Each structure stands twice: as structure tokens, then as C-alpha cells.
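In the part that follows, the structures are each spelled out as C-alpha cells.
What follows is a pair of complexes built around chain A, which joins chain B in one and chain C in the other.
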Partner chain A sequence: MTKIEAVIQNSKLEAVKTALQEIGVEGMTVLEVRGHGRQKGHTEVYRGREYSVDLIPKTKIEMVLADAMVEKAVQAILGAARTGKIGDGKIFLSRVDEAIRIRNEERGEGAL
Partner chain B sequence: MGQRLVAVGVTAVLILILTPNLSAQAAANSVPDTAARLARLERQATDAKSSADNAWMLTSAALVLMMTGPGLALFYSGLVRKKNVLGTMMQSFALMAVVTILWGLFGYSLCFGSGNSFIGGLENLFLKGVGAAPDPSYAATIPAQTFMVYQLMFAIITPSLIAGAFAERMKFSAMLIFTVLWSIIVYDPMAHMVWGKGGLLNASLGGKFPTLDFAGGTVVHVTSGVSALVCALYLGKRLGYPKQSMVPHSVVLSFIGACLLWVGWFGFNAGSALAAGSLATSAFVATHFAAASAAVGWAAAEWLRNGKASVLGGISGAVAGLVAITPASGFVKPMPAMMIGLIAGVFCYWMVSKVKSRFGYDDSLDAFGVHGAGGTLGAILTGVFAVSSVNPILKDTQSNTIASGLLEGNAYQLLNQLIGVSIAWGLAIVGTLAILKVVDLTVGLRVSTEEEVQGLDLSQHGEEGYYWETSA
Partner chain C sequence: MRSKATANRSSWSWRSGVNFFMAASSLIGELRGSINDESARIQREFEATGDGRDCVAQRTRMVEEILARLWRDVISADESKLANLTLVATGGFGRGWLFPFSDIDLLFLYSDRDTEQVFKDPVRRFSQELWDLRLKLSPASRTLAECERYDPSNTEFTISLLDCRYLAGDRDLYRKLHDKVIPKLVMRESKVLLQGLAEVTRERHSKHGMTLYHLEPNLKEAPGGLRDCNVAGWLALISAIDKLRDWPEASSLRAPVRKQLDAALDFLMSARCFLHFRHKRDDNTLSWEAQDAAAAAKIGARDAENLSAAEWMRIYFGHARTVQRTVTQLLEEIPEARSALYRQLQSWRSRLTNADFSVVDGLIFLQQPSSLQDPEVLLRLFHFMAHHGLKLSATTEFRIEQALPALASTPPRGAELWLYLQETLLQPFAADALRSMHSLRLLTLLLPEMQLIDSLVVRDFYHRFTVDEHSFLAIESLHRLKQSQSEWDKRYAELLSELEEPELLYLALLLHDTGKGMPGDNHVVISLDIAERAMDRLDVDPKERAEVLFLIGNHLELSATLRRDIFDPMTVAAFAEKVGTPERLKMLCLLTYADIKAVNPEALTPWKAENVWQLYMAAENYLNRSADQRVHTEVNSEKLMRLRSLAPVAGSKFKTFLEGFPQRYLMMHTAEEVMRHMQMADELATDPVIVELKRGRHWYDLTLVTRDRPALFATLSGVLAAWGMNIVKANAFSNASGVVVDTVHFTDRFRTLELNLSEWARFKNSVVSVLLGEADLEKMLRDRQRSEKGAIAKVRVETKIEFDDSSSSTTTIVQVIAQDRPRLLHRIASCFSRQMCNIEIALIDTEGQMAIDTFYLTSGGLKLNQAHQQKVEKALLEELKAE
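So, the complex of A and B:
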């Protein structure tokens, strides 16, 4: 089982969700985050004083998938989230030791 | 025979009983004399005027209270960080209660009792003698109680303004003690000097240095604004200022507050006419035009300097204009009012953007930049633009009306304005410094570092302003 963490532009959330649903991904967790990679922030002027805002609002999607699904999901995210500009985000993959469904204690890929 | 006697007797008795009533009615139906009717009409006209004046003055009092709560409370708390929103609101709200009590006990007496040139006496302690009958020295057509409660609202908002300077770092207990002392030591004498019987600066009651201050440019804005500067310098900067970003957590709240201030200011300025006549209208109009042009002035200055006009700039500009027109409102015509507003908008923008960063003091919410500087500017410009055709307030020794301001031909009045402003500055600086020292030595002024990081809401009041966690 693999965990996919994708940090994407806020405006791309709907597109990514739709693309994932179309390929059969049934569960995900969405978080509102702030951060930056190489993308610079912006400057605000308040009472004549300049402040640089370098933590930019982003959206993070997390999901744990069966290994067979992973590459399809990654392609779906890439296709939906890309604009071609700096700030598009990143995808991280990591190994998951176990998954358990709380309702009936089902374990393994069946719990996903 | 006996029956006829009874009938005659009853008839006679009836006639005797009824005749006086009948004749009285006849007398009443005759035309009452003209003098009596005239006297009755005059009484009715005076009563009508009194009713109109009193209605307007009570409304004005309500408007001015609204300026503090929620006007100023919202304006200020929107500008601070989220963790201090309630603490900032509490500073305004607590004063609505505390100053009221002080006022009722002795504050009104110290301001408007007879006393001497500098402070009133104690003849109105516990509001003794302040009832339904008018006090002709102040306002001949409204109950003295109306005048008292109207002035109370000014006493409330003035110390509330100072909170803008020590926002986000003053202990609540210290603020309460500071305000009580400040009201007595700074506000009451200043109000007495400008508006009280025998006051040194009172233009309408024969003060030695008549200062034209219609609604409180010196009494309210200069005193609070300058005190604010003293507080900001004495307390020191907020942790992390100026490097750390401390942007307003809600310009939306500030916007609502500023609009309430604009509307409430009609009570502040036009109500200072103490009657519902044409002077109130004139002050109302001057107030509104100054606010408008000042908003434009500040926004334009910002647009030129930063490339964008911000909402915060626009509303700050409006407030600056309202501050500057406060002393002038009952003395100037609409076009000069617009001019005063425009100058104030640009000047105050320069004060808070250039001058503040140049000198580095942390006047968190620009109480000095807007109220202190704007009030000083307005008081001086009053001496320039005041005309006796709007308000024939200045008289010579033969009680003839003389020119009010520079453009009308009275250059000397500018000197009086400067004297009034200087006294306000001096009293504010000396008084505030003394009080800060005393409070610092007793309870301590500033919250601890941990409390400042945690925020006033939690550390001082045990509350959170917004509890938007999802909970079932």
C-alpha cells in the first residue's frame, strides 16, 4: 500500500478530485496548508510598511491506495493539477505498513 | 296643594343649584382675552422648540455612545491580531461602564460645575441640581440632564481612543486604573477649560483665551492622541515590532466600525450645537463633507504611493477628516470643510506611513497619527476658516460680533487656537506621564511576554473571540 501526498494549487482541487473519482479512487483527505517551494510570495503594504508574505496557501490531498492503483492516480493528479508555472506543487509517495477499517477491523488492501 | 308646593320647591332648588354652573359655562364660552392666548401660544412654541431640541440631543447622545460601542470597538479590534480581538473590544466596553459611573458621581461636576478657570467645582456631586430644568449657561432649551448625558458620551469615547496606542500589550487592570486617573486629571480639566463655566479657553462664556473648539478637537482628539503617543513611547513596542507582520485580522470589522463612526459623528458634531436648528445643520453638513474629502485624499495619496487604494486607507482617511473637522464643524462653511478634510486626509496619511516608520514608535492603531495629529491640524485650521456668519460666537467688550478666523480678518484667533492646542498637549503629556508612572509602580502596565504571545483574550479575559472548531 502506498500513501500519496499531493500539495497542489487551491484552484486545482476540484479538477484533481474529479480526475481521481473518474479512475475509481474512493477515499481521500484534504487539508488547507500554507507553504512554499521555490515560489515567491507577495508583498503587502500596511500603513506604509511593507511585509513579505512568503507562506502561500495551498491544498494538500492525502490518500492511501493499493499499489496497482498508484501510477494511475499519480497520472490523474499530474494531468489535473498542472498549469506549467512555478507553484504547481509536488507529489510524494511513501510506503504504508498497515491500514485498518475502524468499523469492522478489516485489514490490508481490503480496508482501503 | 301640598304636591304643587313640593313641585315649586324642587324646581326652585334645581334652579338655584344649576344656575351658577350655567353661568360659568356661559362665561367660558365667551372670547378669552388676547394676552392670555398669546401667552399660551408663546409657551407652546417654546415647548415645541424645547421638544425638538431635546429629541435631537437625546438622539445625538445615543449616536455618540454608538461611536464607542460598537463603532470604535470594531474599528480598533479589526486592526489587531485575532488573539487580541476581545481584549481590544473590552477596552472600549469597560470604559462605557466605568466612565459613566465616574461621571455620575463627580465627573460631570468637575467638568461643568462652576469652580475656577481650570476645573469645575463639586456643586453637582452625585448629579445634584442636574434635573429637568435647563442650565441656561450651557443650553437653555433642553433639560440639564440631557446636556449631562450628552457630554457623558464624549467623556466615554475620549479615553477609549487612547487604547489605540497601547493595543495588544496593556494589562486590563492597569488600563482601568489608568483611565480613571486620566479622566480626572486630563479630561475633566480640559473639558472644563474649553466648555465649562469660567473655563480659561471657553469661547462662548468669556474665557481669557477663547479657543474655538465646537465639538472637541482639543478636548477629545488632541488630549487622547497626544496621550496615546506618550503611552506608546512609555510602554515600548510590541514584541516583534516592526519586523514581524502584524496585519489586521479583520479589515471587515474595521470597515463596519468606521462607518458607524462616520454616522455617529453627526451626533458628535451636529449635536454640539445643543439645539436642533440651523447651526446643527451646518455642523452636520461640514462634518459629512470633510469625511468624504478626507477619504478621497488619503486614498489618492495611497494610490499614488503604492499603486493601489486600500479599503483600510479609505476608512482611515474618513476618520482623519472627521477628527479634523471636529473643532471646526460649527464655525465653517461646506467648502472650507471639504478643504479641511482633504488636507487632513493627506496629512494623516503622511503621519502614519512616513513619520511613524521614520521615528519608529509603535502607535499600534495610529491614535496619535490620526487623532493627535488630525486634531491639532483641525484646531489650527479652525482658526483659519472660521467665520462669524456661520456662528457669531466671538464678541467684543460691547457684545458686538467680531470676526472668527484668519480669512475673515481675525488673525489673532490663530494665536488663541495655538494656546488652546498647546495647553492640551502640555496637559496630556504631563498628566499621562505622571499617571503611567504611578500605575507602572503599582500594578505594572504591560502584560508579561508569555501573556503577550498568548494574546490578551486568553491571558486577560479567559476567552477566545472566535471558536470556530468543528464540534459535534
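So, the complex of A and C:
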């Protein structure tokens, strides 16, 4: 089982969700986050005062999938989230030891 | 509220013929069997009759039997021989209300500590057997002396004693508890006890957002639920025991109150039994699925026609409202429940008494009970409420309910109603007044539109509250901004204080979701329709109406834009153009803030608040920097079409006048105003300078129409300064043929115009003659300066000058932030003039002590080059440093 964490532009959330649903991904967690990679921050001058944002608001999606699904999901995210500009985000994959469904204690890939 | 379970045991058929001395294990087996049978029977009967009260009574009897059997078997076969140990039912069980999956509240009462030791093992075995029977106990063990002490950290235990009932064991011990210990305790500690109960109740209420209007309410814990019913009973009981020095004979609540509460209880008890049987555990949340099922089964509403879930929930909310009102009134009326400090506060508040109303102990009473025949008094009452944040006394509420039918036949309407409504909406406690009006059915009388969203449950994963409560909460969120300490809230609070007509924002919030009460997909469009009708009835003037409709129609725009890239200039531009003016932008920003905040307590995360603010700033800056997008009369916008319809014979004059004005000019003025300007422009041949003066709500409004010439704006601001006027906002626009329309909002610092009517004409003539070059402006300014010597403003706002060379293709934009002071604008404009700059467009704004002035400059018809910009900046800083 693999955990996929993707940090994406806020404006791409709907597109990524739709793309994932289309390939059969049924569960995900969405978080409101802040951060930056190489994308520069943003400064707005309002009434003579500078408002600097160096941690830019982004959206993070997390999901744990059976290994067979992972590459399809990654491709779906890439396709939906990409704009080609700096600030598009990143995808991280990591190994998951176990998954357990709380309702009936089912374990393993069946719990996903 | 205490109903003693009857001792009718004959309903159990197996009881006869059973040998008392059966072995324990087979006893358990037998008891388990009969519990299952009896429980199933009770459930079947409930499903047939839907009678909650009966269900809990039957279950109570069943458990009593079990306890009695086990007691005889485990503790003592002969009651008369047992001394010093009693089994007492407390809490819900004591009341005789045992819900299908509720805990069973038991008290093991000992005469002293030694007895506890003696019976330790049997009691433990007793409890064990009950657990084996899967009867969930909530047991307590106390000596008689311990019961007499009140522990403030465990108010719940003492309260549970109020419902005590004998089950088994030493009767004398029980009588001591019931007849002596409890009354003594209550009389001694009534003040503290009531306070404790009030505190625990308020804590519970605040866990549920202080409102009963949840979309999926917990009917035990939420305000207006079963717990609150109990609280009402306890409050009344404690007061009664305190007064009578003994248990009261009958219920201590007044008859009409008791009747209403009983009706509510019937409903709530049936609903809770239904939930327990459905979920097979102590789950008291009316989830949407449960609401559907309850409505289908007509729980608590046996005689109703087919009920939808929303209709069933309305019945629930009706009962919950009654319960909540009763509890609130009782909490208020019991004087011991308040500390000395509170009473001091209340006596200060009673100084608020006026001719119409008196304030006693923080509650509003009518001076003249019959005064409500005059609808105006009623409206003033709620204004009073909203202003001071006080509650109505029970008597006042009763009188209002009495007055409503007469009012319904000729309800107040029109401009006068709007006036009262406006004023009420602006008060700091407006939301509470609205809630009170709503629960008394007065709000729906004045604004029938509110009926659509009354207690309306709309199924939505984000919204926590019913639609009407959501709207009141949104209004409350804005008022609360003034007291908030958080950094974010302070920014929004500042914005709120800058609004020219905040009542329009509040009205928009009140009506923005009314469309949800009608079938259809797009509630925004429906809300617009409803709002138009409402404002028709309130006779709201067209300019204000347009603002409210804009807000309602676009109330989701800002949120929608947040889902795009807010740092992308195109996104900002598109959004800003949709909004059009800075005032609308501010209102929309605050409306979005309030709307999100009222969805549920966590909805407005700092992440969201920051994004809303970012978008606001970016849009505000865009609006400031894009004012030079010109009108082109070939393009058919809505406004242009309206203008054309107003002036069908104007023909080419229309085209000539409008061509070249910035879009902003059209956005800031109504079609009627533009017509007037066009007429004024027409007369320029005979009258080269035309000035009009009006008294506006906050300021004086001066409109100047003339032909452009060098230093025009500097001269205009100069003559105003010479008259001691303080320019607050201004816009200077010109069209392609050199006609200038300047509008200035100013305050009259020395009340010249207010105190002397003749000064109006003199002032206008002065402006004209200065502009015609016929008067000596410099002398006028010197005279003014002499008379004002010594009035030096403390500099708190730092001067900041920012040049923007990229936003406009034809001009250089300069934004000046500076400490507001007399003649500021004149000095800035004159400085530009001396530096050979022409002001194409001026957007002048003042917020508090800060002047925020944006100028679109050209020199020789072109943008300013770098060197020139630096020169201007230097000169301006010098100019603004002096003094």
C-alpha cells in the first residue's frame, strides 16, 4: 500500500478530485496548507503598507492506495494539476505498513 | 415534573409461580430471557403507538422488577431485617423515565462507612449480575452524611438526588434521605446550587453553539432538548423547596408553562425512544436519515398528514423553542442565581428606563401594558433591545403575543418600517433582537419573506445551523468584530467602520438565503426576486435597492473567486470588474466574512480569512489602478442602455458627453445623476462654471461641471479649504471633449452652512468666482490660516508616495498616503500643478486620520518619465513635511 501526498494549487482541487474519481479512487483527505518551494511569495501594498505572503496558501491531498492503483493516480493528478508554471506543486509517495477500517476492523488492502 | 412510576406489577405474567430460592446462575438465565422478551414487547408496543412516555414507564417498571428480584436474591431476602443499606433510584430512573438504551442511575445509600464495608461484597456481586444482564448501570455509593454535603465540582450528583425514589432495602434510611437530608441541603445551599446548575447549563449550551437551530440536533443535550426540560423542572423544584421548606405537593411550574412543557416532552420523549430503538444505543442525534425515518413514522405527530422531514423538524423546533424560552426565563427570574456584581450591573441598567420601557433586573418591561396597540412602540421596543442587549420579561413577551393578531390585520410597512428596521440592524445587539422578534412571530409579520426560511433545515455538509439562524448569526458576526482581539478580525472591523451605509449590508445578510426556502436549484436568483419584493414593501430608495441587490446577487462571488488563483492578475481583474466600486468591494468582502463565519464555528479558518483579505487588497488596488478604462458609447452596457432610455431625444449630445469618461464615472453615479450632469454640461456655453450643493447623509455633496483648465482641481480644493471645509471623498473625471465632472463629499468643520442658510448661496458663488479667476484664492487661504493658527495635527500617519508606471497605458498613477489635515488636498494638487503635471483622474478617500489619494497624472499629454517622477516625489515630500 502506498500513500500519495500531493501539494497542489488551490484552483486545481476540483479538477484533481474529478480526475481521481474517474479512475476509481474513492477516498482522500484534503487539507488547507501553506508553503513554498521555489515559487516566490507575493507582496501586496495596501494603503501604503506592505502585506507580504511568503508562505503561499496551497491545498494538500492525501490518499492511501493499493500499489496497483498508484501509477494511474499519479498520472491523473499530474494531468489535472499541471499549469506549467512555477508553483504547480509536488507529489510524494511513501510506503504504508497497515490500514485498518474502524467500523469492522478489516485490515490490508480491503480496508482501503 | 416528577412522575412516580406506579407500583403496578401485574403486567408481568411470569412473576407468579417462581421460586425465590433458585440458584444464581439459572436466575440470571431466566432474568436475561425475560428482559429480552419484555424489551421486545415494549419495542413492539412503541412501534404501534408511538407513545414515548408509556415506553419509558414500562421500561422503568421492568428494570425495577429485575432489581427487586436480584436484591432479594443477592443482598437480603427479607427487607424488614435489612438495616442501614438502601437501593435508591436517582436521575432519569428516579423520574421514571428509562429510555431504551439509557444508563440506569442507582445510588447505594449507606448509613455510615462501616456498613459500606459490611456490604461491600454483596453489593459488588449485585452490580456484577446487573452487568451480566447487560443492564448499563450508572452507580454511585454514598453514606447519608455524604449526601448532605454539596460538592460544587459535582453539581450533577446533587441534582440527581432531587429525583430520588425508593427501590429496596432500609426504608427508614430512605425516609431520612428524602424527608430530612435533601430538603436541608437544598435550603442551605439553594443559592449555590442554582448558580451551579445555571453554570453547567450554560456550558452545555455553549458546546452547542448557544442555539437550538442545528441541522442535526442532539435532542438530549442541545438547547431546547430533554436536558433543558429537566433543568426547568429542577429550577422550579429547588425554589419551591427553598420557599416551602419541604417537598412541594404538585409541580412547581405555573400551569400554562407546565402544559407547554408537557406537550414538548411528549414529542421529545417519543423522538428519543425512536432514536434509541433505531440506533440500538444511547445515540440522541437527529441525523438526516433519522429525520427522514421519524417523519415517515410520524413520531410525535400521529394525527398529521404525510410529513416531510423538513416539516417534522419544524415541529421539533417549535417544541424546542418553547423549552428554551421557559428555561431562559426561569434562569433569569430566579434572583439567587446571580452574583452581587451582576446585581450592581443590573441596577445601573435600570437607569436605562425611559418613558416607554422600564428595566428591572436586566429585563425589559412596558411602562404602559396597553401601549403595544401602537405599532411604533413595538418597533421602538426592539430597537431598545438591540441597542442595550437586554432581554424581554415574560410579561412583555406575553403582551406582544397578545398584540400580534391586531397587528397582523394592518402590519406596519413602508418607509417608516424601513427606518426602524435600519436603525435596529445597526445596533450592537441586533441579532438578539431579531431572534427574539423571530421567535415571537413578529419578524415574519413584518417581513413575510422570513417565513420561507423559518427553522429551515437545508442538507449540506458544511452548514451547521438552520437558514434563519445562519442569517442572524452572520449579522452577529459583524457586530462582534468591534470587540474582537484577533489580528484578522481587527482588519475586517476597520473595513466595517468605513462603510457608508452598513445597514444595506445587514439587510442583504438578512435576506440573502431566503431563496433556499423555495424549490429550485439556484437560490441566489430566487433570493434576488424575494428581496426585490421585500424592498418594494419597505419603500427602499432605488440607489440603496441596487446596492442590496448587488450584494445578494453576488454573495457567492468572492468565495467562488477564492477557488481560482488569487495571485493571478487576470483573476483579480475579472473579479474587480464584476464588483466595480470600492464601496461594493468592501461590503462584499464583509458579507463573505460574515457568511462563512456563520456556516459553522470552524468554517472561517485563518487560512480562509487570509485568502479573503488577499483578494480584497488585490481587488481594491486593481480598482484604484484601473479607473482610466474609458467609456466607449459603441459598447452597449446595461447602464448605457438605461441612460439612452432616459434621454431618447438627446441623440448625439449623449454620445459626446459620455465618450471618454472613465468607466468608474458611470459606476459611481446613477443614471439620473449622469443625466443631470449632462444637462449641466449643456449649459456651459452660458454658464462656464456650474456648481450644485446638496446635504447628504454623512456629508455635503458638491458637484462641479466645467471645462478643464490648468490647476482646476487644486483651485477647487483650495476654495473649499479656504472656507474651512474638510474634503472626505472626491472624484475628478473628465471626458474626451474636456468637460470635467468633479464630485466632492466634505464636512463643514465650522458649521458655516449649517448655522447660516444664506451662506449656502455665498459659498456656491465663492466657488464659482474663484474658478472664474474673479476672486483671490491666495488671500482667502491666508485669512483662513491666520484664524486657524495653532491647529497643528499630530502626525500619526506616515507619508507614503508610490508611483505606478505599468497599470495605466496613458498615465502615471501616484498614490499618496498621508496624515489628514486641513488644506492637504489643495497642497498636493498645487504641488502637482507646480511640477507641470496634469491631473487626469483623481480618486480621493479619507479613512479616519488617513488620507488615501490616487492621482492619474500626465505631463504634456504623456506619462511622466523617471526623472520627472523623482522630482515630483521630492517636491511632494517637502510640501507635506512642512508645518
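As a convention for this text, the second predicted complex is superposed on the first by the 108 of 112 C-alpha atoms of A that agree within 3 Å, B and C clash if a C-alpha of one lies under 4 Å from a C-alpha of the other, contacts with A are read in each partner's own complex, and residues count from 1 in each chain.
Going forward, a contact is a pair of C-beta atoms (placed from the backbone, for glycine too) under 8 Å apart; a residue touches a chain by one contact, two chains touch by 3 or more.
Small disclaimer: the values here were computed from a predicted structure and weren't measured.
Judged by the touch definition given at the top, the superposed model places A:13 against chain C, while chain B stays out of reach.
Of the two partner chains placed around the shared chain by superposition, neither chain B nor chain C is touched by A:107.
Greater residue coverage of chain A by touch, when chain B is weighed against chain C, goes to C. Residue contacts after overlaying the shared chain place A:47 against chain B and chain C alike.
By the touch criterion stated above, A:90 is placed in contact with neither chain B nor chain C.
Of the two partner chains, neither chain B nor chain C is touched by A:36. Overlap of the chain B and chain C interfaces on chain A: residues 44-48, 51, 53. Those residues of chain B whose C-beta lies close enough to touch chain A in the complex are 242, 245, 247-248, 305-306, 310, 312, 352-354, 356-357, 366.
Against chain C, the residues of chain A that register as touching in their complex are 9-11, 13-14, 32-34, 42, 44-48, 51, 53, 56-57. Residues 44-49, 51, 53 of chain A are the ones that touch chain B when the two sit in their complex. If you check the complex, the residues on chain C that touch chain A are 562-567, 605, 607-608, 610-611, 613-614, 617-618, 620-621, 798, 800, 802, 815, 817, 847, 850, 852.
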